[in-house]
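By letter and in written order, the chains are A, B and C; residue numbering begins at 1 in each of them.
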Amino acid sequence: MQTPDENELVQKVLTQVLKNNVVDNKQKVGVSRLSSSINGVTEFIGTAPIGDTIGMAIANVDPELLKNLHVDHPYRSIGLLSARTGAGPQILSMDEAVKGTNTEAISVQMPRDTKMGAGHGSLIIIGGDDVSDVRQAVHIGLENVPKHFGDVYNTDAGHLELQYTARASQACNLAFGAPEGKAYGLIAGAPSGIGVVMADVALKAANVEALSFASPAHGTSFSNEGILHISGESGAVRQAVLSAREVGLKLLSQLGGTPTNDYPSYI
Amino acid sequence: MQTPDENELVQKVLTQVLKNNVVDNKQKVGVSRLSSSINGVTEFIGTAPIGDTIGMAIANVDPELLKNLHVDHPYRSIGLLSARTGAGPQILSMDEAVKGTNTEAISVQMPRDTKMGAGHGSLIIIGGDDVSDVRQAVHIGLENVPKHFGDVYNTDAGHLELQYTARASQACNLAFGAPEGKAYGLIAGAPSGIGVVMADVALKAANVEALSFASPAHGTSFSNEGILHISGESGAVRQAVLSAREVGLKLLSQLGGTPTNDYPSYI
Amino acid sequence: MQTPDENELVQKVLTQVLKNNVVDNKQKVGVSRLSSSINGVTEFIGTAPIGDTIGMAIANVDPELLKNLHVDHPYRSIGLLSARTGAGPQILSMDEAVKGTNTEAISVQMPRDTKMGAGHGSLIIIGGDDVSDVRQAVHIGLENVPKHFGDVYNTDAGHLELQYTARASQACNLAFGAPEGKAYGLIAGAPSGIGVVMADVALKAANVEALSFASPAHGTSFSNEGILHISGESGAVRQAVLSAREVGLKLLSQLGGTPTNDYPSYI
């Protein structure tokens, strides 16, 4: 079906083409940046080159704001990783970041976003007693983001996401109930039915524990994904993830297009 | 207003044009397929030519997955109809399918999707004791989908959806509370205010029962639709649907564009 | 990341280009209109030139519909302002409208929309004893909409929204808990983390009261926004809004593109 906006977009594109402002448009492409601040805005830390991901930190949060932030633990200093596209990649990225710094994830929120896509964006809030720890954690998180997009595969019709860590930390625990210190895997497919079949394949492929299964009406923000969270022995979790990916790639291809990842697979 | 992504899309389009990979893109267009399986993936049943709709079945669901699926009744075999765009069309399609087979709809979920649109996608899970019944039901459902897009009308600004059945079955009952065996009608408009006016016209046009009215904050997944569900005598339900469609087409046109259906009207 | 639809859009665009139906597309562009009715549809009032915003009124609502509308107070006559893109602009516009007419806002709903954007659309229902009052209020609301898009700034990556009124009325009270008669300010940023930093800056910039802070998982419809609602002395509220805007513009720019408003700033 032709989605409502497309004619309007076609129209805008043609207008742009007639204007011949290709150069002007080229200048609009976002670029990754990592700087300690932008003129006067000390909160800015940097951006990741994918997912419209921005990292920021507040050295001393206003108490009125902190009261209204719905965070698990109040901290003087908070860090923010915020993205239009992607929740798993950013959460796994921050999971490694909090592991290596004196910080803690205090809120993980998943807007229904990905621009035109079927999935989530993300807002991850971390806390620390020292803003330098918080800034360092957000730095590390931003640097990890591309790696964790390595097993995100997109087509016009949908996407797959696979994540794996041999040792889950506190962010994965807060976001997905992953037991800390144990291997954790995320298996997602969109449209959501593809995620259901991937989940079935994963659980049959290896002896892993199903932590939960999220779908449009249960545990997602109404995204069109089926998402299985698994835990267990690292080899088994990895095997389950790889088996699900193989089937997911074949299923998603049936809706047209070749599933493509923007960064090399890391699993 | 210019929505955030459009410049980026314009940019990507121009890049593509410069690359001259039109042919390459052409190959990416999704095509409908109905096959018993794809190399090794026995779960695949087929796709519908609209809505990025895919049909699958699992002969023997993993018990761990079944526990986490939030379905009404557990079945050894489940079928899946999953789509990026459209809930009503797929639900009505499966309503006829379960009617004619020894299967039952056990979960109907509506993600906030339709890609850039104002409405829902869908995940419909059916169950049966015999996987061949389940596969047959999904087959029938996929074949019904285009017909049930016949009264979905799109413009750049929004859409209308009308559905009608002289005899609702178990899927419409589970999804919308439609009394089984009685005529059922669905009347939707987006932006949602158009659906409010259509609902008012429908209820004044014929003696029908209002089962419920869904709007962005009540009974939708935050979609931008006003959706009336009606039941009653078949002639009255059909008359109410047709009256609402006439007014809806005029209202939606006021936002620009001509409301267009991709398949012939069936009501 | 390349969002799922883009190749499909590129494909459609190229097809359109080959068809050379530029003129045909041009005719599809929506235009603003303010008319008392369209042939036979007395409910239509008009449209605003932005946000796919349409205004309608029902002189005598069907009681069955009214029962299912989830409105605070039942009225014989209701007015509707409904939009694909924008909640704040339409709510502030209707806030002024109900102030000047004998009407009351009885429902404010925020779908997760803005087409491809990160924010909300809106459905605002007002009630009155006399349909002429209701129609007048919707008229005024439609005319106010462009002004209240004056401090909505968009890029490919996200958006900012600022609203300010020296004297909040009943619509802002119903929608955001703004004390009537006092100054009210709305400060929003997307991706949502930008809204968090803007909120912190606003609360530190002036002595204002934080009414609430909304984020993807708290108080939004899963939009990717951080939204602060403030109240207080008019000079202080305005100062807080302006300080947040300055920082928000710098942060959003870091994701690429120049934040642009479609109408002149009014704050």
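We adopt the following convention: a contact is a pair of C-beta atoms (placed from the backbone, for glycine too) under 8 Å apart; a residue touches a chain by one contact, two chains touch by 3 or more.
Everything quoted here is computed from the prediction, not taken from an experiment.
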Both-way neighbours, i.e. chains that touch subunit C and touch subunit B: A
Fitted rotation between subunit A and its twin subunit C in degrees, CA, nearest 5: 120
Whole-Å separation of chain centres (CA-atom averages), subunit A against subunit B: 28
Set of subunit C residues in contact with two or more other chains: 2-9, 13, 28-29, 112, 115-116, 118, 155-158, 222, 257
Complex interface listing, subunit A residues touching subunit C: 2-11, 13-14, 17, 28-31, 33, 38-41, 43-44, 47, 50-54, 56, 58, 61-62, 64-65, 67-70, 80-86, 107, 109-118, 121, 123, 125, 149, 152, 154-159, 221-222, 257, 260, 262
List of subunit C residues in touch with subunit A within their complex: 1-9, 12-13, 16-17, 22, 25-26, 28-29, 112, 115-116, 118, 155-158, 190-194, 196-197, 199-200, 203-204, 209-210, 212-213, 215-218, 220, 222-226, 228, 247, 250-251, 254-258
